[in-house]
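Have a look at the structure that comes next, please.
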Amino acid sequence: MATIKLSADKIDELKDVCKSFNNEKGELINVLHKAQGIFGYLPAEVQEIIAKELNISVAHVYGVVSFYSFFTMLPKGEHPISICLGTACYVRGAEKIIEEFKRVLNIAVGETTNDGKFSLACLRCVGACGLAPVVLVGDKVYGRLSPDSVKDIVAEYSK
Amino acid sequence: MTQVKSLADLRRIKENLQGKMSLRENSNNPESLVQIRVAMATCGIASGAKQVMEFFIEELDKRNIQAVVTQTGCMGYCFAEPTVEITLPGQAPVVYGYVDINKADSIIEKYIKNGELVDGIIPVNYETIQK
Amino acid sequence: MAKYKMHLLVCGGTACHASESERLLDTLKTIIADKGLDSEVQVIATGCFGFCEKGPIVKVMPDNTFYTQVTPDDAREIIEEHIIKGRKVNRLLYLNPESKEHVSDSKHMGFYKKQLRIALRNCGFIDPENIDEYISRDGYEALAKCLTEMTPQQVIELMKKSGLRGRGGGGFPTGLKWEITSKSVSDIKYVVCNADEGDPGAFMDRSILEGDPHSVIEAMAICGYCIGASNGLVYIRAEYPLAIDRLKIAIKQAREYGLLGNGILGTGFNFDIELRYGAGAFVCGEETALIHSMEGKRGEPTMKPPFPSVSGYFEKPTNVNNVETFANVPVIINKGAEWYSAIGSEKSKGTKVFALAGKINNVGLIEVPMGTTLREVIYEIGGGIRNGKKFKAVQTGGPSGGCLTEKHLDTPIDYDNLIASGSMMGSGGMIVMDEDDCMVSVAKFYLEFTVEESCGKCTPCRIGNKRLHEILDKLTKGNGTMEDIDRLKNLSKVIKDTALCGLGQTSPNPVLSTIDNFLDEYVEHVTEKKCRAGQCKALMQYTIIPDNCVGCTACARNCPVNAISGERKGIHTINQEVCIKCGACLEKCKFNAVVIK
Amino acid sequence: METIKINIDNKIVEVEKGTTILQAAKKFGIHIPTLCHLHLHDLNIENKPAGCRICVVEVAGRKNLAPACVTECMDGMVVNTHNIRVLNARKTVLELILSDHPTDCLICSKNGNCELQSMAQEFGVREIHFEGEKSTYREDTSPAIIRDVDKCIMCRRCEMMCNEVQTVGVLSAVNRGFMSVVAPAFEMNLDHSVCTYCGQCVAVCPTGALTEVDHTNAVIRALADPDKTVIVQTAPAVRAALGEEFGLEPGTLVTGKMAAALRRLGFNYVFDTDFAADLTIMEEGTELLDRLNRHLNGDKSVALPILTSCCPGWVNFFEHQFPEMRDIPSTARSPQQMFGAIAKTYFAEKLNVKRENLVVVSVMPCLAKKFECQRDEFKTNGNPDVDYSISTRELAHLIKQLNISFNELPEEDFDHPLGESTGAAVIFGTTGGVIEAAVRTAYEVQTGKKLQKIDFEELRGMEFIREATIDFDGLPIRIGIAHGLGNARKLLEDIKAGKSEFHAIEIMACPGGCIGGGGQPLHHGDSSIIKARQKAIYAEDASKTIRKSHENPYIIQLYKEFLGKPCGELSHHLLHTHYFDKSKEISVVE
């Protein structure tokens, strides 16, 4: 028997989530959203439990998780930074913003800083094109950025 | 909560509401009913519309100006967020762009109190269908 | 209360700014003060009027006089004639290009009628979290009318007559879609609202949901009534938390008012709405993929037929429309099909919302009647190109669309014209590009997007687009050959011809349209190893002109990779092997010694 | 039936409504190439994701080319299957696939048997006009199956088999776009998954992405070792399919040639798994009757129905997915393992050879057998009862490698004592065969009467789930049969829900039973081949003089000399097994 390592209350919380969706397999994506809300990411163990609760194969769950860019199997930083790469942001210099974040945080896109504070990701269009280029820190939107403003944003969360 | 059970119900509610709104507009006491709409879509909020809205609510209260401050959706002027529309009683609405706390302050002091326009008006460039 | 009798509004937009609007403002203020009118007349700067071609602009309030191309030298005449004597300065008035008459009151200027807000009618007007404000603007009147005065078939006929076509990109006639779904026999049917706006650079659906969620709810219920469905689903991007919140509030309020739920408006009609969340997959904008995603599966499209109208969500007949399409519905019902079909062009009725972005002054959400030209949108609404740069192209239709150029500026925008020009309507993103944008890089940018968003199911999209992207990458690095350009064209055609879904079938459009319109730029990248926009780093070389270099060491000190050497007061040189082309030296050099080749 | 007319390549033809362009073309002799499409008519299994886009054709009036595999014919449709637009598109698509495919065909285990390779040959591809990144993945070697997914072309056939037919759910498309590939959860190796090693994924893979673990070299080495006595056993389904590898018509029985070939390969003794199949009937039949009679006598502690246990894919399946029901299947080991156990005890003693020096090789239509023979419970002091299990395909390779002209071989017999078998044993190779064999023996043992009719037609066929009631001289015995694990799942769920009224159920993991096993010559989508093999199996049974297991003289002798009685103590030790709970448990870690 293989064992899965998660704390008891988290498992219960997860099972409750599944139950709140009547353990229906059609609700998989909703369940995954909630699960990512609880754990911050979707480790293999969480996917195993969801598969079991919804009576679907783990491969199916993983197939779905790995399909959608919103889901991640890696823990994000305390302050996840997402840089919008929509067209509007692209033509207004989003690439330079990415370069600056990479330089300031000394990590590549998809990585988390050693202290676990920041992680860097790219996303497609948050629909705030009027403010391009745009960056999200957690849920907060920062717009009209220039490479110079990167340091200030990082400083705001470094305290 | 009102349940709308029929078309007649719906029309009654509407008339009521419209009555209230025109009452607002044609009030005998115009100073007390300045209307302020803050565009609170993602773009607006991201550029600080929430703080601006809170400022208006608190300051108008403090400064004893009776006004209705409401949120609304995107006015379309994304380049100039946060945007705020001010309607003084009996006058055409005026949209201000790039409204931060300072700008909001001068809007209250100059425009709302004195009818003096403030820099940064966004000319309305569209027609909206009337209902 | 009004302290001032008159206001002079001077456009302070970027374009007007460039044409000395600031000096104009100062001049006006000075003269007003000189004349002692400063207690009666206020001069203020405003945001852009959007009419930058004719800037700088001065508007006199309250009489709405609109002066165009005003120079500082005109200031005195305006004040002395108009303000003091009350006589309008005719030569500065806007000249109606058709009637050749001067227009004195700006309310009569065609320009103000360029935009007509139908789908956006309530955005920026009502409080989206207050159902009463929606009702006071005739909200739910259309639903009530349908339920109590019309049969489903009558509503469908009305929709068909209105000429409304799907606003999500495909342009399928909405009424016809409803009719097909209504004719599918099934105990359960679904109304789905596609709010998975994934087109980078388009955000009208988000704005509508954030600004006027009830219009979508009402329209979905009307659709449910027509097709015989009592279940509605909104498939919405998880990246739109505010829209989700507003929609949830709206649904709750509608339920409390009995406008959703059982026995709506005292009739036997039941309808309710649930939310389903997207999870970051552009392909889920395609309706079959969207349905699979709602079923908890990978968002892979399947072949049509069967169409969702026949077999959709859990194999039940499903009507999928996008947010903007739905937002038009209640107005059409209220004002009638004739009213609606009178707006727009012959085959494309009504208005279209565009998200205007990129190198344009007035970035924002606009709504124009179908048939408006690109020129009107870019120069009269969008305020022209930023920083006085030269217009190069406008990209419509997102990753499925193409780049249109100067020669397309006077093309009326509608579904068919855009396709004929090698682009498409898409969901309405409109990205304006200027001379600093490299067209090969733009094509590469879109292909990078498609490669990342391809679901991987069919070969042409999975591997073909990857190869397209690789060839484009090769070109931008200066390693391309003329055969590569041919290969791009041929492969693009095969991908269009063979890909499984709409995403794949349209993904080569950015490549084809840029090759069509900017072949010389492609060729330059190959034969001259040159990128005229200066965007392709690999093709750039930063060098120092010895004659201009004074040896201040600023460049060397700021070079992040120590590629610059030279003694203080001596001539500096850049080691091309090491240079990463970041441009820091160029920025820091005060003597114009650093140049890009 | 409503018919419609279409114009295909300038020929007006009439087809039934609902026919696809591909089907219509085939009917009128037009071969449209396909890659992802797979239709096993006789098994009602179809894979048509319309993903590869090789089968595109031009339909007049349509903007894009249409995939023939899923596009239904419409009245008046004008189709062109081979104009320049179509040919250019197909070739480009094929080149795209090849541009993301290793070009090591010469050393690929699918060389000469690869659908992609044949297509490149047919299309006359001489140059790949696209070059670029190729997807690379870690190779995954499990006890039975090798996944070399660099060679995956995303046809999704394996995924369909694993999920829709077998409902095992190990494989799924993962990631997206260029990175997408079919893999187990978390892209872990198969041996970390609930894979049953049924090998149906391998059986349908058009390329070398999924292949069996090859033991031919190990067998050659053992045969060359002078210290070893090497014996071989061949499963019943092998003889009905091996000929295909040598160009013989599907359904050609090659029992005699196969025995001859094995002898020429150098095996010291050429035996038959069929012998062990007869032994299985003795053990399993006895267990069935024991459970049945106890049940009839009111013993509620006895679980019924009894389920067959000869199929290792099936055993893996219930250990992973229905562990709580692991007391229901018969405890009898599979014929392969019974053979091994007898060979390494009874026969080793007879030869006076130490078990370590006796090498048992099995030739199986199956890949799960490779896993089964490695199970710890089938080893004594680390030495397995069966040393190597090779597939029908591997045997063909061995024969070819050792320069044996198979088709010219004489017909030879198996050796004694472990080579003698009855007709009952032969039919183990097809769905319904094990239970029919069991019925033949159980009937006579239970009733004490001779069967009037040995053929139980009611138990035969290809329907996925079959049921029949056999009259045991007044006692109605309810029999269920399922092949394909998805159908097994349905029966198990019925049992779990208490809805099942069967006394005995036969389950085979592979559609068709062992004749359709994962180790058989590749059918490349032609399911009539599987039917032909089934026919051959029944023909062999009919040709046998002895057709009931309990009448096999060598089995009688084995019990007399060695085992004592069926389900006796020694049998229990050598011929029975127990099952494990292999489900993942969620245990709490604070």
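The chains carry the letters A, B, C and D, assigned in the order they are written, with residues numbered from 1 in each.
Simple rule for what comes next: a residue touches a chain if its C-beta (ideal position, glycine included) is under 8 Å from a C-beta of that chain, and two chains touch if they have at least 3 such contacts.
Everything numeric in this text was worked out from a predicted model, so none of it was measured.
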Practice prompt. Find me the chain with the mean Cα position closest to the mean of all the protein Cα atoms on display.
Written response: A
Worksheet item: What whole-Å value do you get for the distance between subunit A and subunit C if each is reduced to the mean of its CA atoms?
Response: 27
Worksheet, complete the sentence: Rounded to the nearest Å, the gap separating the Cα centres of subunit B and subunit C is 26
Worksheet entry | For subunit A paired with subunit D, centre-to-centre distance based on mean C-alpha positions, whole Å | 43
Item to complete: Measure off the straight-line distance from the CA centroid of subunit B to the CA centroid of subunit D, and report it in whole Å.
Response: 73
Worksheet item: Which residue numbers or ranges of subunit D touch two or more of the other chains?
Response: 173, 175-176
Worksheet item: Which residue numbers or ranges of subunit C touch two or more of the other chains?
Response: 203, 206-207, 240, 281, 298, 363-365, 453, 455
Practice prompt. Provide the list of subunit B residues touching at least two other chains, using ranges where the numbers run on.
Written response: 42, 45, 77-79
Item to complete: Report the complete set of touching chain pairs.
Response: A-B, A-C, A-D, B-C, C-D
Discussion item. Which residues of subunit C touch subunit A once you look at their complex with the stated criterion?
Written reply: 197-203, 206-207, 238-241, 276-282, 293-299, 314, 355, 357-359, 363-365, 395, 398, 429, 431, 433, 437, 445-446, 449, 453, 455
Worksheet, complete the sentence: Touching subunit D in the complex, subunit C uses residues 281, 298, 300, 302-303, 305, 451-464, 466-467, 470, 487, 490-491, 494, 496-500, 505
Worksheet, complete the sentence: Listed in rising order, the residues of subunit B that touch subunit C in the complex are 1-7, 9-11, 13-14, 17-18, 21, 31, 37, 39-42, 45, 70-80, 83, 85, 88, 97-98, 114-123, 125-129, 131
Practice prompt. Please name which positions on subunit B make contact with subunit A in the complex.
Written response: 42-43, 45-47, 77-79, 81
Item to complete: Give every residue of subunit A touching subunit B within the complex, in rising order.
Response: 126-131, 134, 140-144
